[in-house]
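After this come two complexes, each holding chain A, first together with chain B and then together with chain C.
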Partner chain A sequence: MNRSQEHALVWLFLMPLGAAIGGGLLVGLVYVEGPSLRRTLIFTLFAVWTGLFWLWILLQQKKRRKNKVTFDERDEIIHKKAALAGYVGVWLYFVTACVVPWWLVGPQGTVSVNILPIILIGGIIAFSIVQSLAILIQYGRSGKNGENLTQKIE
Partner chain B sequence: MSRLQKAAWFNLAMITICIIISIPCIFFLARENAKGIEYLLTCFVMACLVSPVAYVLLKKKSFETGFDEREKMINRRAFTISALCLIIFLACVCTIPFFVLGGQNVIKVYYLPLIFFCSIFTAQFAHSTAILIQCTLEEEDGQ
Partner chain C sequence: MIQTKIESWFYFFLGYACFLIPGSVAIFIAYDRGISFAPALMFTGTVIWAGLFWLLPFTFGKLGKGKKKVTFDERDQLIQKKSVMAAYVVLWLYFVAASVTAWCIVGPHGSISVNVMPLTLLGGLVIFTFVQGLASLIQYGRSDKGEKQ
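What follows is the complex of A and B.
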């Protein structure tokens, strides 16, 4: 298993879990306590700091692997295809998420405002799952050392 | 005007026409209280009929087939910008009403397809505008 596969596998479980827990906490808090500017600011600061923490880890990893070649042409093609698959997956999910409530309650009906962040969190989860699965499937298809895909590229 | 610029203008015009037609249709369906599986099936059948016809008529070859390397790069950059704009738009459109109204409030369900159509428009608008701006900047640099 190479580094991209490991990342995809970790991403497949970690990202949906993180998005579901973080988003669930936010939705629950606003639902129970009501909207508040102070809490919104605290949440934004927390999200920014968490983002910077991940960025710091990424930069550290990059520094360590400065002179090593870990990403070749084949990996790049696989990642591009996976990102495109994720993008298509998000659109399909989004169509479903917008049409199904209409179909269930009718156009004159109302839905809780909580559905908006839930749709957003669902989109993040859908993208991570589709992208990670696309990476794993493509590496699985290309064999242990990627012979089939390399032949296709040639 | 290059083929990429023509395609950008065409896509922008087409998406604008589609949105202008779609939004009154949504309000009409909302007024008629269109609900049930038959409407969903009608939309599905129409999509199944229109999509292959549109694909055959408008996209005989791959979108990037006739483009040179520079145009392909511009198109890829525009796609990245469009995806970023879409993410920012969706994040704003989903979180702002939530924080403004509070979790215990409700919204009309026809806002969801409206958000969907606005997202398509935003993505396409950002893509076409990014292509046109990049082409203009490169032409200015060339002169």
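What follows is the complex of A and C.
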């Protein structure tokens, strides 16, 4: 298992858990204690950061590539494809999350405004799950450069 | 002007009409006559189709690989992928901004009309299409592929 696969496996469990706990706590705090600029700013930064985290990783790896090759063109393509797959998943999730309440409540009804940040947290979870799974699927079961195959031959 | 560039211009201007009209009509019908299966399906279909429309050239590009005339090559694919990625990044920022703004304005104990949700989705599609078209046109530049200015 290479480094990207390990990261993807960690993110597959860590990111949904972190988003659910962190985001849920922030929404809960705002609901109980009322909104404040600090909490709203933290929530906004949290949502932006988690949604665009893959971009930061890509840029960091490109910087590191100059010294030692641990992240080549193939890894870059895999990460970009995974991000696209993640966004497709998020889009389908958002469509479902918006149409289902519209259908259930009816167009004359109202919903609590807290549903919007909760849907956003759900979007972060959906994105991280689809992206991590896409990375793991693209790398396959064997490591980069066919590590398992080499072990079998030895 | 190459075919993909023409498609980008077409998408940039006419793409809105193709999904904005049926999407808005579906929301209006549901609001006016009450929610039923037809407008909900019309809206869902339009939104999914418009949001994943960018996948179409890749599918047709793969299907038409055996053809003699190449109209969608690797460079076009790269441009398309980069544009879609840029559009998705902006779309994410839009969803964050829309959710947080409504949350702040109304307050955590307030409520909003449920129609805000499909309308937010339509707004997202407008932004997605605009950024994607703009990014494609910027990447293609003013000169045409394989032709001197």
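One rule holds in what follows: the second predicted complex is superposed on the first by the 110 of 154 C-alpha atoms of A that agree within 3 Å, B and C clash if a C-alpha of one lies under 4 Å from a C-alpha of the other, contacts with A are read in each partner's own complex, and residues count from 1 in each chain.
The rule is simple: a residue touches a chain if its C-beta (ideal position, glycine included) is under 8 Å from a C-beta of that chain, and two chains touch if they have at least 3 such contacts.
Remember, it's a predicted structure, so these values are computed and weren't measured experimentally.
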Combined model on chain A: chain C and chain B, fit or clash: clash
Partner chain in contact with A:L120 - chain B first, chain C second, else both or neither: both
Contacts of A:V111 with chain B and chain C, given as first, second, both or neither: both
Touched partner set for A:V88, first chain B, second chain C, both or neither: second
Chain B versus chain C as contact partner of A:W49, first or second or both or neither: neither
In the superposition, chain B vs chain C on chain A residues touched: C
Which superposed partner A:W102 touches (first chain B, second chain C, both, neither): both
Chain A residues contacted in one complex by chain B, in the other by chain C: 27, 30-31, 34-35, 40, 87, 94-95, 97-99, 101-103, 105-114, 116-117, 119-120, 123
Parts of chain B lying in touch with chain A, wherever the complex brings them together: 29-30, 33-37, 39-40, 43, 83, 90-91, 93-95, 97-110, 112-113, 115-116, 119
Chain B contact footprint on chain A (complex, rising order): 27, 30-32, 34-35, 40, 87, 94-95, 97-99, 101-103, 105-117, 119-120, 123
Chain C residues touching chain A - in the complex, by the definition given at the top: 27, 30-31, 34-35, 40, 43-44, 47-48, 51-52, 55, 81, 84-85, 88-89, 91-93, 95-96, 98-100, 102-104, 106-115, 117-118, 120-121, 124
Partner chain C, residues of chain A touching it in the complex: 27, 30-31, 34-35, 40, 43-44, 47-48, 51-52, 55, 80, 83-84, 87-88, 90-92, 94-95, 97-99, 101-103, 105-114, 116-117, 119-120, 123
